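What follows is a set of structures for review.
Each of the next two complexes has chain A plus one more chain, namely chain B in the first and chain C in the second.
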Partner chain A sequence: MAVNSAKLIEIINLIADDINANKEFLTELDSAIGDADHGINMSKGFKAVTEKISAMADKDCGSILKTTGMTLVSTVGGASGPLYGTAFMRAGQVVGNKTELNYDDLLVILEAALAGIKMRGKAEKGEKTIVDALEPAVEVLRSSSSVDAKLFEKAVEAAKDGVEYTKGIIAKKGRASYLGERSIGHQDPGATSTYIILAAIHKALNEKSS
Partner chain B sequence: MRRLLNDPYDVVEEMLEGFCRAHSEHVHLYEDDGRVVVSNLAPVKNKVGVIIGGGSGHEPLFLGYVGENFADAAVIGNINTSPSPESCYNAVKAVDAGRGCIYLYGNYAGDVMNFDMGAEMAAEDGIRVETVTITDDVYSSENIADRRGVAGDFFVFKAAAAKAAMGADLDEVVAAAKKANDNTRSMGVALSSATHPATGRAMFELAEGDMEIGMGIHGEPGVRRGKLQNADKVVDEIMSYILPDLPFEAGDEVAVLVNSLGATPLMDLHICYRRVAQILDEKKIKIYSSLVGPYATTMDMFGMSITLMKLDSELKELLDYPCNAPYYVKK
Partner chain C sequence: MVGIVLVSHSKMMAEGAKEIITQMIGDKVKIEAAAGTSDNRLGTDAFLIEQKVLEVFDGDGVLIIPDLGSAVMSAEMAIENLEEPARSKTYLVDSPFFEGAIAAAMEASFGKSLEEVKKAAENTRGMNKIA
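This part shows the complex of A and B:
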């Protein structure tokens, strides 16, 4: 796999499409344990991202990721804006001026994103957040000396399992935490959108190889 | 949906356009950022900048309290959503007069992350910004630092802004805001959900004829859900949580705020206030001043909250200090 800047923009556009397609679903999940706006705000933010990065194919991958992050911070709002924004900005920092990315870079990107989200949200695994989907995926990618399509598929599966896992635990962060035990039984909207993003990346990378 | 709206995605911009036009003698939108409502007097020479803010949908909360001797700016997010770090930072640029700024807002995870990022951006410019989050909602957590901010925001904003208007430095304004917050307690009841403009649907389910005691202003769950009871019983239950929490005791003096969550008639609010006053009389707690009306709402939600603030001579002076804002005037 070799992802150049144009392909990276394509991948982010696909993320935006999938977030938009799941807008109602995410909002529904959020209305059960949050404030019913996750899908709306994420969809609006990624729409702004696609406009901002559309003319960036001649820029390096780090700049594209950083612009994505800054746009998410300024358009999504809520907790998701700073969290996803910090994730993409951190990813942009570690990628730097590279103009082509491979699967090993994907691990470095997701590790940086995870560290950024944990710092900004002061969150750990098991608190019913984005971390519960992202950390298991990163752990899968770390489990082998090199990353390939197969391993990434497993990582996406792990993120999906992570979303399932959030159903059984009590929310400890954000508005859902006010529900206490009543948050059990509901899957976390943030973990869900993280899975949607990872699945979209996987789909985009497979389109490339087929 | 019973709302008078245009494109649901334009509600905040259209509201702000109308607000700044209607109250142009007090406020305007910051030229570089349409989500920052600025007092026409800001930056006020030699004064600490007072910046309040949060999500939309709680009007007159935030934007209605920008004006003379009150907040210098309000940063406005989407419905129930924190404003962006950029807007929080732009508010600092709009009002800083060289003595630093204070961020005051209800304690919600999203607001904390965004305002913190705004403060980090201001620090890079060498502008000192301190934060006091408001945590008056007694039922939201056992741990006071984790509690949410609701209508008590008003008292904390008023006290801190008065302190700043008197010429205090940033540390003194922070201390006044903390003292106001430490002495303020609130709790509410919801009788219906608000309608989210973007979805056109209720933000949460609450059946006709039911109520939820202790519910938060975004529909966060409360103590219990049950059949709607009469005003006195509802007030009695809410006061049974508020009074022991601080605690408020015989001999104390308090400011009282009976607040509408949006759709509750003044008739109902005053019936509730009457019961609050009866209970305070019984407990030998003296009412120093009272406010009854919509101060921190959730759009078209039917419900009410009660806020008590325990006063000493400093807090009385701060509440009594004259101010002139679109939705609050003190002479």
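This part shows the complex of A and C:
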């Protein structure tokens, strides 16, 4: 795998497409335990991102990720704005001025994103948040000395299991935490959007075997 | 003078609070609303908050008063993004939104210090509305 700036933009566009396709599903999940805006917020944010980065194919990967994060911060509106915004901005920082990324970079990116989200949201695993999908995925990638397509597939599976796991636990963060035990039985919208993003990346990387 | 930034998901809520406060205290108090998204949806925007802090900052400091949830997170992010001298003189206050804002604006208009203004806002937490 070699992802250059043009391919990175393609991947982010695909994330935007999949978020948009799941807009109503995410909003439905959020209406059960939150404020019913996750789908629309994320979809608006990523739409703005695709417009912002469309002409950045000649820029380095770090700048593209940083612009993505900054755009999410100012357009999403809900907590997912600063959370995903920080994730992409941190990813941009660790990638720096690279113009090509590989699977090992993907681990570094997702580690930085996870650290950023945990810092911004003051969240740990088991609190019914994005972390419950992202951390298991990062743990799978860390489990081997080098990352490849197969391992990333397992990581995406782990994120999916993480989403399932959020159904059985009490929300400790955000609007859902006001519900206490009543939040049990519902899957977390943030964990779900994280899974959608990881699955979109996986799909994009396997479109063309490069 | 200490500046105040009201951070709400709703532009109407933050502007409305600002309107009442300005009517009570006059326009000498430096108070700005950072609320809603750029396309007029409910939400908060860390970069807008940062910009509003800089608009009201004159060296004496700024108090940010959030409504709830992501307003707090966006405000924290805005403070981290600030540069000195504004960064270490911008505080996020844990108070009721409207009562805290009025108390803070009142103290600020008297020329009180950042710490005193913050304390005044925090002291509204257990305030009785009905005597």
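We adopt the following convention: the second predicted complex is superposed on the first by the 209 of 210 C-alpha atoms of A that agree within 3 Å, B and C clash if a C-alpha of one lies under 4 Å from a C-alpha of the other, contacts with A are read in each partner's own complex, and residues count from 1 in each chain.
Here is the rule we go by: a residue touches a chain if its C-beta (ideal position, glycine included) is under 8 Å from a C-beta of that chain, and two chains touch if they have at least 3 such contacts.
Given the structure is predicted, the values throughout are model-derived calculations rather than measurements.
If you put the two complexes together on chain A, you find that chain B and chain C bump into each other. Once the two complexes are overlaid on the shared chain, A:P82 sits against chain B and chain C alike. In the superposed pair of complexes, A:L179 makes contact with chain B only, with no contact to chain C. Once chain A of one complex is fitted onto chain A of the other, the partner contacts of A:I11 are absent, as it touches neither chain B nor chain C. Of the two partner chains placed by superposition, A:A199 touches none, neither chain B nor chain C.
Contacts of A:S31 after superposition: chain B is touched, whereas chain C is not reached.
Residues 37, 40-41, 44, 73-75, 77-79, 81-83, 120-121, 174-175 of chain A lie at the contact with chain B in one complex and at the contact with chain C in the other. Those residues of chain A whose C-beta lies close enough to touch chain B in the complex are 27, 31, 35-37, 40-41, 44, 73-75, 77-83, 120-121, 173-175, 178-179, 182. Those residues of chain C lying in contact with chain A across their complex are 9, 36-39, 41-48, 69-70, 73-74, 76-77.
Chain contact summary for the complex, chain A toward chain C: residues 37, 40-41, 44, 70, 73-79, 81-83, 85-86, 120-121, 174-175. Within the complex formed with chain A, the chain B residues making contact are 9, 55, 77-87, 108-110, 113-114, 117, 140-141, 148, 196, 198-199, 203-204, 216, 218-221.
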